[in-house]
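Each structure below appears as C-alpha cells.
Next, two complexes with subunit A in common: one pairs it with subunit B, the other with subunit C.
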Partner chain A sequence: MPWLSILMAVPVLGAVGVSLTKSDKLAKQLALAVSLVVLALTGVMAAQFNPSSATRFQFAEVYDWIPRFGVHYGVGVDGIALVLIALSAVLVPIVILASWHDADGTGAAAPPKRSVKTYFALLLVLEAMMIGVFAATDVFLFYVFFEAMLIPMYFMIGSYGGAQRSYAAVKFLLYSLFGGLLMLVAVIALYVIADKGTFMFPELVGVIQDPNTQKWLFLGFFIAFAVKAPLWPFHTWLPDAAAQAPAGAAVLLVGVLDKVGTYGMLRFCLELFPDAAKFFTPLVIVLSVVGIVYGAIVAIGQTDIKRLIAYTSISHFGFIALGVFAMTAHGGAGATLYMVNHGFSTGALFLIAGFLIYRRGSSQIADYGGVQKVAPLLAGTFLIAGLSGLSLPGLSSFVSEFMVLMGTYERYAVPAIIATSGVILAAVYILWMYQRTMTGPTAESVKGFTDLNIRERWVVAPLIAVIIALGFFPKPVLDVINPAVDQTLSNVHVDQFTPAVADKKGAGQ
Partner chain B sequence: MNGTIQAPTIEYALLSPMLIVFGAAVIGVLVEAFAPRYLRKSIHVPLTLLALVGAFITTILTALNGLPDKAAAMGAVAVDGPSLFIWGIILVLAFISVLLINDDEQFVAQASAVPGSTDEEEAVRSGFAQTEVYPLALFAVGGMLLFPASNDLLVMFVALEVMSLPLYLLCGLARRRRLLSQEASVKYFLLGAFSSAFFLYGMALVYGYAGSIELKAIADSLSTVTGQDTLLYIGTAMLGVGLLFKIGAAPFQAWKPDVYQGAPTAITALMASTVLVAAFGALLRVFWVALGGLEWNWQPVMWGVAILTMIVGAVLAITQTDIKRMLAYSSVAHGGFLLTGVVAIGTFAQNTQALSAILFYLAAYGFTTVGAFAVVTMVRDAGGEAGHLSRWAGLGKRSPVLAAIFAFFLLAFAGIPLTSGFFGKYAVFAAAVSGGALPLVIVGVVSSAIAAFFYVRVIVLMFFSEPAADGPTIATPTLGTSAVVALAAAATVVLGIFPQPVLDLADQAASALFIR
Partner chain C sequence: MQSPVEIVQHSGGVIGVSWLMIALPLLGAAILLLGGRRTDRWGHLLGVAMSLAAFVVAVVSFVEILGLPESERRRGIELYQFIPGVADMGLLIDPLSISFALLITGVGSLIHIYSIGYMSHDPDRRRFFAYLNLFVAAMLLLVLADNYVALFVGWEGVGLASYLLIGFWQFKPTAAAAAKKAFIVNRVGDFGLLIAIFTVWTTFGSVAFGDLSGATVSGAIGSGAASQGTITAIGLLLLLGACGKSAQLPLQSWLLDAMEGPTPVSALIHAATMVTAGVYLVVRSGAFFEAAPTAQLVVTIVGVATLLAGAIIGCAKDDIKKGLAGSTMSQIGYMMLGAGLGPVGYAFAIAHLITHGFFKANMFLGAGSVMHAMNDEVDMRRYGGLFSVMKVTAVTFIIGYLAIIGFPLLSGYFTKDGIIETAMEHNQILGWLAVVGAGITGFYMSRMIFMTFFGKKRWADDAHPHESPSVMTVPLVILSIGSIFLGAFLILDNRFMKFLAPAVGAPEELPAFHFVSTAGLATLALVAVGAAFAWFRYGAAEVPQVAPRGSFLTTFARRDLYGDALNETLFMRPGQWLARIAVFVDNRGIDGLVNGLAATIGGTSGRLRRVQTGYVRSYALSILFGAAVVVGALLYVGNM
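And then the complex of A and B:
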C-alpha cells in the first residue's frame, strides 16, 4: 500500500473539504476528523515498520516526476523519519483541538474574527507538507516541501497572529526563504557535480568525493538548516514568529517545522558531505554550545511567556545539533529522540500558555500571578510540561538530553560539560516563570479564571501521557531510531574516526 | 547573368503564421476605413482572435511537419525549433492579452482629443472608441513573430520597428490619467527610437566588418576577417544596446516602469509578456548565432549586465509604491534571471540545455505576467485603476478569491516551489551552474531573496492589513478578463506541478539549436 502518499493525500483532500464546508463548526469537526484519520493511518503504518529490516527506506515509492531534471516523486521512511512523521501526526489533532477558538474572535484579548475555514484548511495542508518533507527521499522533492511549507505557516502567523503579526510573518518568511535559496544553489550544484542524472538521495550518498566541493555544498545546505532549526546566530526570527503566531501554529512551527532543520543536518549534511561535516564539526559544536547557553540566559530575561518558550527552544535546538554533530551512536539517537520529545514538551508548554493567554488576553508574565489557586489543573499541567522542558528525570526530555550529553562527552568532553550548564539554567527559567505566573497571591485579573474545560483537558492529557510514558520507557522509540542512526553514521564513515563504545575513553579526542 | 532576375523563393507555408497575422492586421485597417463605427468592434474582436488562433494552428502544423534545415525566404527568416516555440508562446500570450484588451473601459474614446477638453467630453458622451487598438496590436504581434525569427540584421531591424511602432502608439491610449499615458508613449517612443538607432548603427558597423548582414555570414567572417576588430567590437556593443533595451536590462531599464505604469494595463500585459519573449529570441539569435564565435568577448560584459539587471530590478522594486511600477521592476529582475541563461554557453549539450531553460522560463513568466496585470485591471476606484499600493490594503478581506490568485501569481514571481516560476528559475539556474556561471547564480538567488521581500509585502498588504474605509472596488470582471485570470492561474499551477510536457516541448525545440 502506498502508505506515505495516502498520508499526504488525506490531509490535502481534507483541506479542500474543510474549505468547502458551510459552517465554521463543521469545518472544525471535519478538520479534527481528518487529522485523527491521519493519526490512525500513521499508527497502522508504524506498526508495520520493521526496524531491523535490511532495506533502509521502507514504504518506498518512486515515480518519475520531472525526468528532464532527474526529479522523482520519491518517498520512504527510515526510523528517524518515521518518528518525526509520527510526531507530526500526533501533534496536529491536538493542535486542532487546542486551536478550536483561535480564529473565532473570542478570547480575552478580543482579537478580530477571522476565517475559521481557512485556518483549519491551512493546518491540514501544512500537515501534508510536514509528512512530505520527512518522507522525501529525493533531494529535490525535499527542497520543494521545505520551501512550500513556509507558505501555509506564513499565512497562519500573518493572518491569525498577535499584534505584530505581519512583521513576524515577513521576518519568518524572508529568513527561511533566504536560507532556502542558498540551499537551492547547493541542490543544483549537487546535481550538476554528481552528474548522476538523479536527485534520489540513496544514489547520491557518497558520490561527492572532492573535499573542497563538499565544503561548499555542505555550507549551502547547512546555512538553510541552521536558519530553519534555528541555531545561534541565525535564530532572531524565531522569538518573533513564535510569540506572534497563534499558540497552535507556534506548536507546529517550533515543534515540527524547525525539526526539519535538525533533521536535514542529520540526513543530508552528514550523509551527503561526510568529510565536510567532520571539517565543520568544531564550528557547529561551538555554535550549538553558544546557542544552548545564550538561549537559556536570554530566556531567563524574557517578560513574555511565548517568547520565553521560544528562547528555551533555541537552547534545546543547540542540544539537538550538538547530538547530531557529535557523530556518535548515543549522540545521534539522543538528538533524534530529543526532536520528538521537544515537540511534545514544548508543544504542551505553548498550548497551555495559549490557554492562559486566551483567558487573560496578555502574554506578559507580569500580568499573571497565583493562577494555581483558581486553576489548579492548568497550573499543574503547565508545571509538568515545564519540568519536562527542564529535563527532570522521569520525564521524556531527560532521556534524550542525557543521551546527547553522554554521546557528546564520548568525543568532545569540554563542550559537553559547558552544555550541561544549560540544564541548570533551564531550571531557572522554567521554575522562575512558573513561580511568577502560577504561585503567590492571586492577581486581580486572574481571579475570574476557569480551570481547564473538557476540550482543553483532551488537549493536555495525551501530551502529558506521552511525556511521562517516554520518560519511563523510551525503548520502543529508540528501537526504531537506533538502526537508522547507525546506518547514518556508517554512511558518514564515522567508525574510522571514533573507537567503538567499549574503548572510547580518550581515543576520540 | 543573362539579364533575367531569379525570382526569390518564398516558403509561404513556413511563413504562414506571420502572413496570417499581418493579413488580418491589414484587413483590420480596412475595417477601420469602411465599416460603420458601431460595427467595428464586433468585427475586430473575432477577426483578431481568429487570426491569432489560425496562426497558432499553422505554427503547430509546421512544427509537426518536421523542422526545416535551412532558413526560409532566401535565408532571411529562420523558422526553426526555437522560433516555432517562441511563436507559439507569443501567439498564446497575445490571444489572452487580446481578451483583456477587449475591455472598453481601458482605452481612450478619442486619442486626438486634448485631455480635459470639451472635445474629450464630447467623445466620451458619444461613446466613441479607438478600435484601431486591434489592428495595431496585430501589427505588433506580427513584428514580434518576425523579430526572433529574422536571420539577417536588416530583417531584424524591420521587425523591431514593426513591433515597436504600434506599441508606442498603444501606450498613449489609456482612458484614465491620459497625460501620464501620453507621457509614457512619448518617452517610450523617444528612447525606443534612440535604441533603434543604436541597433542600426551597430548593424552598419558589423556590416563594415563582415561585409554581410546575414547572421550566418557574420558568424563565418569572425574567423576569416582580420584587422577590423574595432569595427566588430563597437558594432557588437551597439547591437547589444539595441536588444538589451527591448529586454529592459540594466542600465537600459529606465523606460520600463514609466511605460508600464502609463500604458493601458491590457497593453502593459501584452508588452510585458510578449515583447520580452520576442526580444530574448532575437538576442539569442544575434549573440549565439552571429556572434557565437565571439563569446569570449561578450560573455564578461553580459555577466556584468545580468548581475546589474538582477540587482537593479530587485532593489529598485522595493522602493516602488505603484503596483504597475513594481511589476515593471520585477520584470527587469526576471530579465536578469533569463540573462544568466544567455551567458551559460559552452558545449552543444550545454547550449541546448540553456536554450530550453530560457524557453521554458519565458513561457512560465509570460502567463503569470498576463494574469497579474489582468488582476490589476480589476482593482478600481473612482479614478480608474487603483495603482497605489496603499489602496490594495485589505483586499484579501474584501475579495478573498481575487487576492488569493494575485498572491499566487506573486509567489510564482518569487519562485516558490509548486508554482511555474520556481521551475523556470530552477531550469535557468541549473543551466547556468552547469555552464560554469555559479557566481551569477549566487547573485541570482540573493536578488531573488530581495525580490521576495516586495512580493511578500504586497501579500502582507492584501491579507494582513485592515481594509481602508474608502478602498477600491473590485470591478465585476468581464467574461474575457475572468478567462484570462483563470487561464493564467491554471498555467501557473500546471507548470508548477507538472512541467514535464512543456519542458519536453522546449527540449525538442532547442534540440537542434538555431539553424544558420
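And then the complex of A and C:
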C-alpha cells in the first residue's frame, strides 16, 4: 500500500470537496471527517511500522519526477518522521474542531466573517503538506513542501487573523522566503557538488567530504531551519505571526510548521554535513542556550497571552536545538520527543487561550482575572497545559526536557546547567500568567463567562489525555524514536556516551 | 560500621502490590476531579477511604518487612520502564521508606478525617479532597521510588499539590501569590536536584539507589572515575534541592506565606510530611554525603542556621499559624542537622521527623480548631482564655507543646535530645547552638500557649468560641497520644536505629540514651528560662491587642529576618527590570533592525509596520511566485 501517498491524497481531495460544498456547516463537518480519516489511516500505518527493521525508511515510494535532474517523488518514514506525521494527524482534527467558529465572524471582537469553506480547505491542504514535508526522502521534494507550506499559512494569517494580520503575515512570509531562498541555493549546490545525479537523501548521506564545502552548504540549510524553528535571533516574526493568527492556525504554525526547522536540523544538517555540524556546534549551542533564557525572560515580560505563549515556544525551540546538537542518544531522542510533546502542550495552551479570547475579545492579560471562579474547567485545563509547558513531571514535556538536558550534560555540562535554569523561568512565566488571568477576584468583564462547552471539551480532552499518558508512559514513542536517532548519530560518527565509572573500567583493562 | 544491605527483588505478598499505596489515592484524586459536581455528596468520604486504604497497605507491608531477616529487608519492586535505558518506575520498600509511608498515610488519614469537619462549609470541599489524595499519592511516590528520576516525579508532584492547596482559595490574591511563590522557590531547589541527577548519571551511569551504594561511591573516588569535588558537588546540589522543599536557608521564604492554605494543608504538607522530604533526600543519599565531609558539614551548618532563624521568627509572630510555621522551619533545621551527622544522626533525624509529624500536626490542627471557633481569626492578640471553652483542643495542644519543647519523657524530649547530643559529639559549637535553639523554642511556644489559652479574653465582639465537633477532636486526641509516647518507643533500646540500620547503616556500637547529661540538663534549663520569660511577658502581664512597635530585633524577626526584602531587592526587582528591558530590546532592537533592513531594501523610508498592505506584500508574493516560476521552469526543462 502506498500509505504515505494516500495520507497526502486524502486531505487534498477532502479540500477540493470542502470547497465545493454548499453550506458552511457541511464544509466544517466534511473537513472534520476527512481529518479523522487521515488520523485513522495514520494509526493503521503506524501500527505496521517496525522500529527494529533494518530498512531505514519504511513505506517507501520512489518515482522519477524530473529524471534529467534526478528529482524524485520519494517518500518514506523512519521513527523520527513517523512521530511527527502522527503529531500532525492528531492535531489537525482537534484544530478543526477548535476553529469551528473562527471564520464565522462571531465571538467578542472577532475579525469580520470570511469564507468558511476556504479556511477549512486551507487547513486540509496544509495537512497534506505537513505530511509531505516529513515524509519526503528527496531533498528537492522536501524543499518544495517546505516552501509550499507557506502559502496556506500565509492566507490563514493574512485573511483570518487579528487586527495586525497583514503586517504579521507579510513578516512571516518575508522571513520564511529569505530562509527558503538560502536553502534553495544550498539544495542546488548540494546536487551539483555531490555530482550523483540525484536528490535522493539516502544517496547523498556522507557524499560531501570537503570541510569547507560542508560548512557553506550547512549554513544554507541551517539558516533556513533556524528562521523556521525559530532560533534566537531569527525569532521576531513568530510572536507577531502566532499572536495574529487565529488560534487553530497558531497551533499548526508553532506546533508543526516550526518543527520542520528542528526536524531539518536533525535530518539534513547533521547527516549531510556531519563535520560542519560539529564545527558549528559551539555556535548553535550558544544560540540555543541564549534562546532558552532570552525567550523565557521576554515571555515573563509579555502583556499579551498569545505573544507570551509564542515566546515560551522560542525558549522551547532552544531546548530542541540543544538536544539535536548535543549529538548524544539521549539528547537526540529527547529533542525528537520534545517536538511531539511541545506540539501537544503548546497546542493545548493556544487553543484554550483561544477559547478565553473568544469569550472576552481581548488577548491582553490585564483584561482578565478570577476566571477560575466562573469557568473552573477552562481554568483547570489551562493550568494543566501550562504545567506541561513548564515541564512538570507526570506531564509529557518533562520526559523530553529531562532527556535533552541530561543528554546535553553528558557532553556539555556548562551549557546544560545554564539551560536548566529555564525550569525556574518557566515556572515564573506560566504561573504568573495563570495568577493574573485565572485567580484573584473575578473581573467585571469576566463575570458573564460560560465554562467550556461540549465542543470545546472534545477539543481539550484528547490533548490532556495524550499529555498525561505520554507523561507517565513515554516508552511507546521512545521505542519508535530511539533506533532512528541511533541511526542518525551513527551517520554523524559521534562517540557514544559512557559514564565515567565505565570509562575508568574500560581504561583499566 | 554496618552498611546498608543489598536490595532483593520482591514478588508476592502485600509488598508485591505495595504500588497500591500510590495508585489508590491517585485513583481517588482522578475520580473526584473528573467526576465533577456529581461527586460532591460523597467525595470527601471517598478521599478518606482511599487514604485509609493506603494506610492499611502500608501497615501490612510494614508487618511483612518485620517478618523478614534483617539482610533481606530492602525489597525492590519493578513496575515498568519509564525512560528506557535511564530510569524505571520501581519501588523500594525498606525500613526507611516504610517509616515514611506509615507517617504519610497514618497522619495523612487523620488529617483527611479532620478536614471533613474543617471544610464542611466550603463549596469546593470535594476538590480539596481530590488535591489531598493527589498529595498523598505523590508523597508516597517520592519516598517509595527506587531511583532519583522517579523520586523527582513525586518530588515535583508534591510541589504541585502544595501549589494547588496553598492557592486553594485562589480568589484571595494573597493565596494565589503565595502558591506561586512556593512553586517558584521550590523550582530553584529543583534546579539543584536536577543537576545533581545529571551528575550522578554521567558519573555512575545509573540513577537507581541500588546501584549507588557507599562502596560504589568510594570505589569511583578510588579509581579516579569521580573526583572528590564531583561527589561534594553532588552532595551540595542535593542539599540545594532539599533546602527548597524543606524551607531551609536560603530557600525558606515560601513557607510562611504558604500558611495562606487551609489549616489541614498546613498541618499535613507544610508541617508533617512534604517539608520533611529534604531530610529524606539527604538521608537517602547517605552514600554521597558520607563520602563528602564538606557537604556534610554544610548540611549541619544549614540545619543550625535554619533552626535558629525559624525559632527567632517564631518569637515575633502574632499570627498563630505563622508562629507554628517558624517553628516548623526550626524543627526541620534540627532534622537537617541530624541528617548531616551520619548513621546515628539519621536515626535521630528521622525519629524526630516522625514525632514532629505527630506533635506539629497536632498543634496545627489544634490551631485550626481554634480558628474554626474564632471566625477564622489568626491573631493571637485577639485570643486569650480559650482553655475553659475548648478543653479538648486546649489539652491536646498543650501536650503537643510539651512534646516540642522537650518536656521530659514526652516524644520531643527523646528525639530532639538525641540530635543535640549527637551534634555535641561531632562539634561543640553546633551542639551548643542547637541547645540555644531549644531555649528559644521554650520561649516562643510558651508565648503561644499563654496568648491563646490563658490570660484575659481579648476576643472580637462577634466571637462565640465553642469546642469543635468530634470529627475534628478525635484526630487531635490520637495525635496527642503519639506526641506523648512515640519518642520513648522509638528511642529507648535504640529500637528505631536498629530498625533503620538495613536501609541507612549503623555504627558498630549503638549509643546509649542518657537521661542525665550535660547537654540534656543545659537544654532543660534553657527551656525553663525561656518558658518563664514567656510567662512574665505574656502570661502574667497584659497582652496588648495591637502589637507594640518593638525593638529593632523584633522588627527583624517579624519581617522574617528580611528574607523577603532580600529576595525582592536581589532577584524580583532586577528580574522585573530585566524582563522589561528584554521586551523593549526585542521589540525595538532586534525586530527594529530587521524591519529597518527590510524597509531599506524595499526602498521605503518608513518602518515596515507602517506599510500596512500593498507594497511589501505584493513584493513578497512576487518573490514567492518568482521562486515558483523558477521551479516550474526547472521542471519543464527537466522533462524535455
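What we mean here is this: the second predicted complex is superposed on the first by the 494 of 509 C-alpha atoms of A that agree within 3 Å, B and C clash if a C-alpha of one lies under 4 Å from a C-alpha of the other, contacts with A are read in each partner's own complex, and residues count from 1 in each chain.
Here is the rule we use: contacts are C-beta pairs under 8 Å (C-beta built on N, C-alpha and C of every residue); 3 or more make two chains touch, one makes a residue touch a chain.
Here the structure is a predicted model, which means the values were calculated and not measured.
Judged by the touch definition given at the top, the superposed model places A:402 against subunit C, while subunit B stays out of reach. Of the two partner chains placed by superposition, only subunit C is touched by A:439; subunit B is not. Once chain A of one complex is fitted onto chain A of the other, the partner contacts of A:171 are limited to subunit C, with no touch recorded for subunit B.
Once the two complexes are overlaid on the shared chain, A:192 sits against subunit B while remaining clear of subunit C. Using the contact criterion defined above for the overlaid structures, shared-chain residue A:301 touches subunit C, although it does not reach subunit B. More residues of subunit A are in touch with C than with the other of subunit B and subunit C. Of the two partner chains, both subunit B and subunit C are touched by A:181. In the superposition on chain A, contact of A:210 is made with neither subunit B nor subunit C. In the superposed model, A:159 makes contact with subunit B only, not with subunit C.
Touching of subunit A by both subunit B and subunit C, each in its own complex, is seen for residues 65-69, 144, 147, 150-151, 158, 166, 169-170, 173-174, 177, 181, 184.
Of all the residues in subunit C, the ones that touch subunit A in their complex are 33, 80-86, 89, 149, 152-153, 155-157, 160, 163, 167, 170-173, 175-177, 179-180, 183-184, 187-188, 190-191, 194-195, 197-199, 201-206, 216, 220, 223-226, 575, 578-580, 582-583, 586, 590-591, 594, 598, 608-609, 612-613, 616-617, 620-621, 623-624, 627, 631, 634-635, 637-640. Contact residues on subunit B toward subunit A in their complex (touch as defined above): 400, 411, 414, 416-418, 422-423, 426-427, 429-430, 433-434, 438, 441-442, 445-446, 448-449, 452-453, 456-457, 459-460, 463-465, 499-500, 503-504, 507.
Of all residues in subunit A, those touching subunit B in their complex are 65-69, 115, 143-145, 147-148, 150-151, 154-155, 158-159, 165-166, 169-170, 173-174, 177-178, 181-182, 184-185, 188-189, 191-192. Across the complex, subunit C is touched by residues 65-69, 71, 144, 147, 150-151, 158, 166-167, 169-171, 173-174, 177, 180-181, 184, 233, 236, 294, 297-298, 300-302, 330, 370, 372-373, 380, 387, 392-394, 398-399, 402-403, 405-406, 409-410, 413, 416-417, 420-421, 423-424, 427-428, 431-432, 434-435, 438-442, 472-475, 478-479, 482, 497-505, 508 of subunit A.
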